[in-house]
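Look for chain A in each of the two complexes below; its partner is chain B in the first and chain C in the second.
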Partner chain A sequence: MNVLGISAHFHDATAALMVDDAIVASVAEERISRQKHDASLPLNAASACLAFGGLSAQDLDAVVFYEAPHEKFTRVLASTMAGFPRTLGRFVSGMKGWLGEKLFVRNALSKALDVHPNRVAFSSHHASHATHAFVMSGFDEAAVLVVDAVGEWTTTSIGRARRGEPVELLETHEYPDSLGLFYAAFTGFLGFAPNSEECSTMALASFGQPTRVAEVRQVLRLAEDGTFSLARDAFDLLADGKATYTPSFVRRFGEPANAATVERYGTLDALAPAVTVISPELTPWVDLAASVQSVLEEALLGLCRRAARLVPTRRLCLAGGVALNCVAVSRLAREGPFETMFVPPDPGDGGAAVGAALAHALREGRTVTIPKSPFLGLTPRYEDVHAMLEHLDPAHLSRVNNAGSVTCHRFTDDDRGLGFAADRLAMGKIVAWVDSRAETGPRALGHRSLLAHPGRLDTVRRLGRAVKRRAAFRPYALSLNATRATGVLHEGRAAGTLPWMQRTAPVHDGLRPQLRGGVHVDGTTRPQIVSREAQPRFAALLDAFEATTGVPALLNTSLNERGQPLVDSAVDALTMFARTDLDVLMLDTLALERTR
Partner chain B sequence: MTHGRRPRGAWLVATSASIRDVFRSLFRQRLRSVSPMLLVLIVLGLLLGFLTAISPLAPFVYPLF
Partner chain C sequence: METHAYHLSHVVAIGARPRLANGVRGGYPRGVYVALRRWAIRVVMPVMWRLWPRRRAHALAEFAATEADSGWQFKQAIERTPDPALKALLFCNLLEEMEHSERFQRLADGMGQGRVGVAPARRTSLATDTSSLRAFIAYVHAGELDISHEFDAYGRAAGVPAISGTFEALREDEEGHQSGLWSALRKLTRSDSEARSLVRRARWRRLYRSWLSVSKQLGDAMLALWLGLAYLLMGPLAVWSSRARMRSGHAAEQP
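Take a look at the complex of A and B:
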């Protein structure tokens, strides 16, 4: 069965292609449109998937949208009407959006892809998430917990999954009680963009103490049985923009973070010694972030225990946007009731496009498969860059940002290329690494990565300042070979079951100085544990770097500039190289090196 | 297996299927009281769509509403 899965209209629109019951590609629209979190119907991504699979839209048995827009529409309609007349403005603006493409997805997809409308189908939002997580886990059976902002009406669901069967959602928690919306509201209150910069709240939390848990628990009430509810007077979930909290919320927590507060966050440094004195102006904010994180983790633990009672099994699959909270995931893995846990590398709406295709095929009685790796994106066309360089003197690239001269190296032997990259990393250079099919999801996993020596703090600071341009309180991650996991990490064996940066793990004390650039203030890192079978070239680079420096891991962060999606094509990478302060760009057997 | 392309008039089939789904959903969610207002909205939407399709009127339609 050939199925195209589509997610869109909230954020991170994605297309995923199943050919003969096997998922073969998944591409986020933002990677092609270059608009971060692009929510529009992913037609470019769909075309790219079809081209990759060698299919036309007429070869598709179904096009499956990842949620039921009519159900979501009724939620928007009912909730805006419930607040009438206060919500009149939002009702009008909401309806203008909904009565266009968002509600009539069947027509929009049928028209854009030139397929019969009867071939457009829908999966429920949480079934899409749950199916993606379970099928990718490879488990025979498992409990499934989906936690996100909101799908149609459902914000949280617990299900039972068995191999070869559609996931059965046993229990759902409905809007407005939502852990995703709870965390997003505090993210906005702390001065970050809700539904986008939750990772900043999580990073900030590590600097604080959870001294405000009692206050936070007044707005997120946790019951003994694992259920939860939001204080209705504290949240304004229909509000546009940053402020999804009410005056009552402000009375409890004080005025929201202003520009001065956000600027003060800049004084926090993930690379600082573990014991850092936080200024009195910042203490309430970082303590609030720590408290919100702590309460979220308690809520998730409660839900896990509830799931364990409902589905007596040793395995759990976790999905939904909240599963991107790697600190919470590691606490669930450590303290939760399940022996084994799986979180897909793309647990958010991007993965739900894959899940929609899988769920549809399972409902049709098919036996579905999915690769157990996240490298389902597009292959870079290196020849495009070679062609460009035939007409362009590499020296011209240096003139874009007026920094040094650029030399082009071409390697006939891949080992020499790897040796060159390891050597430059050892010298403290920042290397952009582009290798084969792109990773799905928000994390760079060694196919579209920025790499650096984690022990060279001068390099790490330059990376943050001149390339990533991101706040110093946000930590970087480490990539290490699987054979080094237990030697570098506490819980290394357990971390190996979630190898794609889905969780955090503490780094052994003795290794922290040489890995400092990839270790957060709390002594943890978000590790990528590299399997030699899945990523032989990246594993060989790690080997070469260790042989040169004795350091068993590389700092790995996403290959993008601030506010930009992850680099996808070889030309995107070349553009970023020209625009930023990158030292080396590795494109297969080609290396561009900037010297100052 | 290759399937057919989008037939002529498919927008009508697709749009009416979506509207049917919304009404079903409203009834399932016990929100049937909202149905008359939704009907008004849809008629208004169709009217706006029709008016914007007439080129001389199109520039005035959205400012008016």
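Take a look at the complex of A and C:
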């Protein structure tokens, strides 16, 4: 069965292709459109997936949308009308979008892709999430917990999954009780972009103490039985599902962070010594972040226990946007009632496009499969860069500082290319690493990565300042070979079951100085544990780097400029090389090196 | 291992051809449209921007989005042209458009309270296949000419040195783009008359698209009126049941 799964209209719109019952590609629209979190119907991604699979739309048995738009519409309508008559403006601007393609998805997809409307099907939002997580886990049976902002009405669901059957959702929490909206509202209150910069809230939390838990639990009430509810007066439930806070929230927590506070966050440093004195102005903010994080974790633990009571099994699959909170995931792995836990590398709405296709095929009685690794994106067209290099001048490729020259190295032997990269990394250079099919999900996993020597703090600081342009309180991650996991990490064996940066793990004390650049202020890292089977070339690079330096891991962060999605094509990579202070770009058999 | 440094080649030469060299005249309806737009920019916009500074920030953010889209269009064209020199020219334009976008975004953020953004619009490539590459280049060439005129008008009307200066600086880049693209188009068609006729067609296409966007805005305004009316009529009936639904929401067993 050939199925195209589609997610859109909230954030991270994605198209996923199943050919003969096997998922073969999954591409987020943002990677092609170059607009971060692009939510528009992913037509560019859909054509890229079809081209990859060598199919035309006529070969598709179904196009499956990842949620039920009419049900979602009733939620948007109810939440807007509840605010009558203050919501006139919101109603008018919101409905303009809905009366277009958002409500008439069947029509829009059938027209844009040129398939018969009867071939467009729907899967519920949480069933899409749940199916993606379970099928990718490879488990025979499991409990499934989906936690996100909101789908149609459902914000949280617990389900039971068995191999070869559609996932059965047993119970749900409904809008507006939502852990995703809860965390997003505090993210906005702390001065970050809600539904986008939740990772900043999580990073900030590591600097604080959870001293404000009691206050936070007044707006997110947790019951003994694992259920929860939001204080209705504290959250402003916008029609488009983006919760912000109300005046009542401000009465409880004070004025929201202003520009000066956000600037002050800049004084926090993930690379600082473990015992850091936080200034009195910042203490309430970092403590609030720590408290919000802690209450979220308690809520998730409660849900896990509830799931364990409902579904007596030792395995849990966790999905939904909240599953991107890697600190919470590691707490669940450590303290939760399940023996084994699986979180897909793309647990958000991107993965839900994959899940929609899988869920449809399962309903049709098919036996579905999905690759174990997350490299389902597009292959760069290296030839575009090879062709134009002859016609470009160093000035075109050094736009930041207009200094230095660019040297082009071409390798006929891949080992020499790897040796070159390892050598430059050892010298403290910042290396952009582009290799074959892109990773799905928000994390760079060695196919579109920025790499650096984690022990060279000068390099790490330059990376933050001149390439990523990001706040110093946000930590970087480490990539290490599976054979090094227990040597580098506490809980290395457990971390190995979630190898794609889905969780955090403490780094052994003795190794912290040489890995400091990839370790957060609390001594943990978000590890990628590289399997030689899945990524032989990246594993060989790690080997070469260790052979040169004795350091068993590389600092690995996403290859993107601030505010931009992950680099996808070869031209994107060259663009980033030209626009930032990157030292080396490794692209196929080619290395571009900037010398100053 | 082979190692070599780059040399300046004909990319720079293409970019250095004289400005506004295509000699295509605009035609009557287009001329009227362009004059009207310039008048609106010069007379109406300064008043609007002074009355609503938030609008100014938003307009600058929209410029940022438009520039980013131009850059993206160049990227699509890079993948569709087999000619390495043209790829390189388009790549340089892509870099400049990204810089323009960034400059407008910085201005917008500086004007408003914090970051001002416009919601991403769906990207649709103007160059759909290799055969339409020439039409694409002609279309973008025509667009660059319009943009450089418009930037000129905005620069004069902005009234804030930082904004005027930006428009003025970017106008020069846009003029470079339009002359570079004209040379590229002549190279692709190998005939001036064919190139001119492609540009003429592109201008009509642009005019048609402008008309579409104006009529869409009119349609949107009508729709907004109807929606407002529906809200006021429906509201009193729906408000209580909606509030009740928002108060519930606890863990529910699935049927």
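Quick note on the criterion: the second predicted complex is superposed on the first by the 583 of 596 C-alpha atoms of A that agree within 3 Å, B and C clash if a C-alpha of one lies under 4 Å from a C-alpha of the other, contacts with A are read in each partner's own complex, and residues count from 1 in each chain.
Rule of thumb we're sticking to: contacts are C-beta pairs under 8 Å (C-beta built on N, C-alpha and C of every residue); 3 or more make two chains touch, one makes a residue touch a chain.
Everything quoted here is computed from the prediction, not taken from an experiment.
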According to the stated criteria, A:465 is in contact with first (chain B), second (chain C), both, or neither; which is it?
neither
Check the contacts made with chain A and report whether chain B or chain C touches more of its residues.
C
Determine, under the contact definition given at the top, whether A:99 touches first (chain B), second (chain C), both, or neither.
both
Could you say whether A:381 touches chain B, chain C, both of them, or neither, answering first, second, both or neither?
second
Just to be sure I read the superposition right, which of the two partners does A:372 touch: chain B = first, chain C = second, or both, or neither?
neither
Looking at A:221, would you say it contacts chain B, chain C, both, or neither? Reply first, second, both or neither.
neither
Who does A:410 touch here: chain B (first), chain C (second), both, or neither?
second
Pick one for A:78: touches chain B only (first), chain C only (second), both, or neither.
both
Intersection of chain A interface sets (partners chain B, chain C)
77-78, 81, 95, 99
Quick check: in the complex, which residue numbers of chain B touch chain A?
1-7, 10-11, 13-15, 17-18, 21-22, 24-26, 29, 31, 34, 37-38, 41-42, 45
Using the touch definition from the top, list the residues of chain A that touch chain B in their complex.
56, 58-61, 68-71, 73-74, 77-78, 81, 95, 99, 103-107, 110-111, 114-120, 153
Can you list the residues on chain C that touch chain A in the complex?
1-12, 68, 72, 75, 78-79, 84-85, 87-89, 91-92, 94-95, 98-99, 113-115, 120-125, 220, 223-224, 227-228, 231-232, 234-236, 238-239, 241-243, 245-254
Which of the residues in chain A end up touching chain C in this complex?
32-35, 37-41, 43-44, 77-82, 84-85, 87-88, 91-92, 95-96, 99, 169-177, 193, 227, 229, 232, 237, 259, 381, 384, 387-397, 399, 405-412, 416, 420, 569, 571-572, 574-575, 578-579
